[in-house]
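As written, the chain order gives the labels A, B, C and D, with residue 1 at the start of each chain.
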């Protein structure tokens, strides 16, 4: 494959960017749209004490859930851990800190990070102490709002259907979910893709994530887990 | 055309939604991607004292510039009026109030309105008194930020390449610009489109604006102005 | 919920009657997922899923599932003509902007003031709120479908929720195996009773007082 | 600006030397628009326009213009392979997130501290800031290309800007018809002089003091 921007590489090459204690953001929703090949490389690497940011903790054997289940995560900002009982157990045992954030606001906070916006104001969950815990408020007129800070990460790992060699991305159906947001919020963004195509093969009106936001592209080896419905 | 959602109509039918003193948001950037047929209907309707929200004031005879040039606008929130000297004159003469907002922050404020987010925080133009005029600040840690409130409008008028009968939209090249943002921020959103296609004809991965946000669709009669470069 | 299929379908059928042509509707898991089966043939409804689907259709047959086309619960679905995909911000933007006409969801408790408690059981289950708060707070109409009582026979409609709230004062309608209540300016009001249940039975199994609509129907 | 084509091209050519393979670059109007003509053949650069184009190419020939493919100034351009379109939020997100490597723009004044004044002349011209503030504040490298002096012969490089600022302390490099300056920790530094101009001439036409680089080149 022609690699004019030197973005196309492999998970093995990239794993040197990962380290204990790092902040990692991941695309996906219930495992759908999470990057299996990068997650497998992280599992193999043995890195730990991670701070994760992502929609949910998947299932114990699916998606990011595999990393959570191995106790590699010190802290996570997420909206849901219900489908991964091990995550709940780790939280209850005090082995993993969980910051719960309403799902759409979490997505906006990730996007804000990607857009270089410091924070958004929100009126979601104002009367809920789990949502408001540790958060500032800001009053406009007579209305008080929560300040929901932007989220970024040292590395974002995402999953897409196709990339061209510049890293322009298109996604497949509901596997899009949080991927275009995480793509923008990583200091380094790694896109695992089903197919890499030559520059100019993607229709410029149909590109969802411009390659500007993508630092590395790796070919996917495909999902290596069994879905809950299988 | 099959019209199962009753969204497909004409500019003449819709003009009853417009009235003196209303707030109107418009898509487009330098006239590119502004809806000519709706603008013509507004011109014909004679409505005045408008509050406008949009990227710029076009050129005197192009896009929204035509409405501005006729003195129909009492107030505008925009980022640039340089290509429309009449707008500058109206401002200087005290006949039109102009709130200047940095271009990308203006786009974010419109998007925030469309997303039901009350405001964003910004660090753009903090040391500029035109940007900060009348705006609150919010301090996170030791860093002070501007509170940039969301923008919505009674009606948003936008321009797209194709709509299906539900109002799912795709855009053409750089005529996309602020249109997908304004599409979400209108209490009522009217999309003028080059072509209306049957439900199911647009590829669901390629739809940029889901029809959920679009109330009415009208066929475009095409640009009725001469571009500056022509 | 311990409800038989017939009763679950009765609740779903009643909820389906609230849906109109062209609406955008978000369905929770459980009984709400049965609602589409009870819509009039040919009615166009756009079902919305938090993970970025508008125009969601039924589950595909076994063997025809697509792992990249799942609902917010992670289970395979399909897409109807006019449907589209979007990222999670747009999906929730639809909710917060008031473009989602209705959400139909289950609950652990609902209070007479319309408070909703459906996301957490302290000390037992802390799954996280997911999209429940945005839906409860911002969908234009919030319909709760649930059993009238819990497994100990205690009413799930209460004066004041003992479980942590998802959102306060957000519920517009409650449909149970026994009855239909609305929540408006006048507070909780009984509007329908499902035979063979009686008004007396509903009173006995409701943990708070309520008004009874003048045109109460037993159906 | 009253500069001849040759001089404008000399400035553009020098600016082009700052660009590297793979960079994302935003160009202002005027001299900056000449920069692409001076890039090495085959170098891949992604030109960014505020209105939502990445990978912008040259203006099409007369008659081949597409009214829906214009730059931020409203004039027809083209798209190169690998280019894409996005909405205005994404376009400015690229800038604020630090993904735009460089902006090359004109200015009315630049101060010795790197303050940029290029958006307004009080009482004369109030066009609005457009995207200038975001670009000045957030592009990773800000290069100003301009005449050394204004039409009255007064230096446009000054101790302190008299015109309202676009952004303070944001300029990294100034390229004029006479010389090249950099702005770093040590302040304003002269690094190159364009022959036949001399250091003395540059000193005479600069409205503030500056350091002179030890390896100053006259080119």
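In this text, contacts are C-beta pairs under 8 Å (C-beta built on N, C-alpha and C of every residue); 3 or more make two chains touch, one makes a residue touch a chain.
Computed from a predicted model, the values in this text were never measured in an experiment.
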Farthest-lying chain, centroid of Cα atoms versus that of chain D: C
Chain pair showing more contacts of the two, A-D and B-D: B-D
Whole-Å gap between the CA centroids of chain A and chain B: 32
Centroid distance [mean C-alpha coordinates] between chain D and chain A, Å: 36
Distance from chain C to chain A - Cα centre to Cα centre, in angstrom: 29
Contacts with 2+ other chains: residues of chain B: 108, 115, 117, 123, 171-173, 176, 204-205
Touching two or more other chains - residue numbers and ranges from chain C: 79, 85-86, 89, 92-93, 95-96, 138
Pairs of chains, among all present, that meet the touch criterion: A-B, A-C, A-D, B-C, B-D
Touch list for chain B against partner chain D, complex: 29-33, 55-56, 59, 78-83, 88, 91-92, 98, 100, 102-105, 107-108, 111, 123-125, 127-128, 130-131, 171-181, 208, 223, 227-229
Residues of chain D that touch chain A when the two form their complex: 22, 24, 44, 46, 48, 54-55, 79, 81-86, 89-90, 92-100, 138
Chain B contact footprint on chain D (complex, rising order): 49-53, 65-76, 79, 85-89, 91-93, 95-96, 125-131, 133-134, 137-138, 164-168
Residues of chain A touching chain B in the complex: 108, 112, 115, 117-123, 136, 138, 140, 143, 145, 147, 149, 170-173, 176, 203-206
Residue ranges of chain A in contact with chain D within the complex: 4-6, 114-117, 164-166, 168, 184, 199-200, 202, 204-205, 207, 210-213
